[in-house]
Amino acid sequence: MNSIIKLEIQKKTFKKKGFSILNDFKLEVEPGERLCIIGESGVGKTSLLNIIGLLDTQYQGSYKLFGSSVKDLSRNKLAEWRNQKIGFVLQESALINSLTIEDNIKLPLMYANIEKDLTVQDHFKRIVNKIGIEPILKKKPLDCSGGQRSRAAFARAVIMNPQIILSDEPTASLDLENKEKIINLLFDMNKEFNTTVITVTHDLDVANRHERIITLERNE
Amino acid sequence: MKILHFFITRIFLKRWTLVLGMIILLFLANYLSFTAARSIISTFQGYQEIETLNQEGTFIANLDPNSEADFDRIEIDDTKKVYEYLNKNYTYAMQVDGFVTSLYNKYKMEVSFNYINEEAYKINQFRLSQGNHLNFNYKFNKEEIPVLVGAGLATTYPVGSYIEITDPVTQQLVNLKVQGVLEKNTHRSNFYAPNSKNYFNFSIFLPINEEFIQSAGLDLLVNGLMDMVLLDSTKEKATNLSELIQENLGLKFNFFNQQENFNYFEDSYFDSLKIICIITFILLLIIVCLAIWNTLVSIRLMIKDFTINLLVGLSYSKLRAIFYSYFGILFSINLVILFVITAFNRYGFWLKKDSIFATYGMFGLISMDWIALLIVLFIDLIIGFTIVELTIKKIKSIPISVGVLK
Amino acid sequence: MKYSLFRFFDVFEAVAIYLICFASNLLCIYVQTLNLEGSSILKSFLESITDYQLIINIFLTFIIIVFHYQFLNRRKTEIFCRILVGDTMVNIIIRYILNSIAILVFSFLLSLSLNFYLGLNVTSNLYLVLIFIIYILFSACQVKKE
């Protein structure tokens, strides 16, 4: 099978802080794979996720995503791929507090210019139903609970049916019930649409439910 | 103190743009209140001086603004006729200054001659720091003229010393004997602009009597009429004089009595002062609103820092004390800036050798500056109280749990 | 509006501050055209303000720097979110500059009504517009994500 992610990092340097991480790191990910990245704090888990998610292109090495070299892609193309092929679920939800939950979820649709599309409207309703956040659609993020915000962030991540979902500590601040909900939603997407799921977590219980676990270690 | 230091260095100064914005706004508020306060104080000081003249039977001369004055056509003989008439029929106070001459002195300032008659001298009751008061019964051209000198000339020309100089009014070589030294910052306010003052630190007060007037040139005589004050007179006598001046010199003079002067002050100066107060109040209100906005913006950005500190044991009363101290520091910085600017302005008159405005004072500031600074301090207290209390109210309205998460 | 970082309240705040700056400049110019010969006290008071007109106005314009500073600080999360879902930093910065200039132009046009009312030259506030454009360009360098 062809890998959708083929990453070879020689090193990622933080010049100001004066150290490097992910030295001679290699990673290949198959479509539909459920991969978990674990490791102690500061080893570069989130940095790795930023590189995979096209948020960071400042590193030494090569990265092929869907067969294309990321370094050859323009900024606009990177943005388009983040919009259409990658979904992010982050620990702190990263919602815009001044917009309603509905507007937050529809933000990727706006950038894809398909906000008014009828089929997209149906898709939006389906997702919202499935995740169970209709009652809070008109609310602002600060008026919602932590669990509701996490689910809203999840809805935003999957609204474009991405091929890859990147989640960074998606359950860190959630209770058991909400944690289950989010993990189930992630894996449902994986089953239903063969979406690749890459999760960074400290929670071994969550990690064990993935097909593959890789452990990042500190560089000597 | 340790907590205050922590808040200032680690929280407030981390967002120095907001601190600088606040300092600028508070400086504008301070400058505005200082300027307004000084204008008002200076006007009242001037008014108090004029009030000593403003008594029953007193008439203050004023050249009619609509009078078409042609000074070139005025003859000295006609002017002397007016003064002869004045000397015979009236008691009048006359003081003329602004006759600038070069006279060596320690500060290399230009010296101005101030001619004053006995009545004007009695009314003004100038205080001396050394020596004796003027006597007016000297013989002009036959004996030395007793003079008073300003405080700035006292070291070069101490009491008992002589000054030989060509008098700018009579153009004759005169021998002046320093009889006394005026107190520092002796000044005179303009009758019709009480906020503007001439300081006599570099002046020579020369007594004038009838003999002197007979020898004086046209400049002194015509200028003498401009601010002349008739004492123990009547409206009728004042009108007669006005007519005589018009007939001889072609100048239309009005002589205003106590009530007219009082009404003029009411109409003109009080209105001006009211307008100054209203303008200052409106501008202060706008600046304070901007300062409050700046504070609320700061709270929005720093709420996490505040609430985390509240979470770990800082009380609201301590937070209030921190804010009062912080604003105290900001106000102190502004007051120091204001003080430096004012002192530099005052010192500027010395640098420019502007002898009429050069003043003595503690750190270069004169009494009205200190009073204005006190008023500014009082206004700062009100502004500080308003801002801090609003800030604390705003912080209290945000639950600690929400603030920490922001 | 949804593409923009500015919400209605931000626009309102910015317009209000711009108008305060424009109005203060115009009033300073206007009082200099008044004939205050009859009121020396008022004249000298106003002169003590108008003599420092440029400094006072530039000091006041600093509030716009404060506005942009706090605005961009509050929008860091939003900028990050937008990049997450498919926006680019360059596009965000361009939109920020264009929106800021649009608000500035709107405020300037609004201030022209005061120009006409006071009978002052329409170019009186142009130097402030230039200063504000410099501030906007300078603040555009501060557009950062969390």
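All chains are identified by letter, namely A, B and C, in their written order; residue positions are counted from 1 within each chain.
Methods note: a contact is a pair of C-beta atoms (placed from the backbone, for glycine too) under 8 Å apart; a residue touches a chain by one contact, two chains touch by 3 or more.
Listed by chain with UniProt protein names: A = ATP-binding cassette domain-containing protein; B = Peptide ABC transporter permease.
These numbers were taken from a predicted model, which means no experiment stands behind them.
Remark: among chain pairs B-C and A-C, B-C carries the greater number of C-beta contacts. With respect to chain B, maximal separation of chain centres occurs for A (centres as means of Cα atoms). Closest to the protein's overall CA centre, chain by chain, comes C.
Centroids of chain A and chain B (each the mean of its C-alpha atoms) stand 71 Å apart. Rounded to whole angstrom units, the spacing between the C-alpha centres of chain B and chain C is 36.
For the pair chain A and chain C, the distance between C-alpha centroids works out to 40 Å.
Residues of chain C in contact with two or more other chains: none.
Considering their complex, residues 13, 17, 20, 38-42, 44-45, 48-49, 56, 59-60, 62-63, 65-67, 69-70, 73-74 of chain C touch chain B. By the touch rule above, chain B contacts chain C in their complex via residues 15, 17-18, 20-21, 24-25, 27-28, 32, 35-36, 39, 43, 190, 192-196, 268-269, 271-273, 275-276, 279, 286, 290, 293-294, 297-298, 300-301. Interface residues of chain C, counted against chain A in their complex, comprise 2-3, 7, 77-78, 80-91. Residues 53, 55, 75-76, 78-80, 82-84, 88, 90, 94-99, 103-104, 107-108, 110-112, 156 of chain A are the ones that touch chain C when the two sit in their complex.
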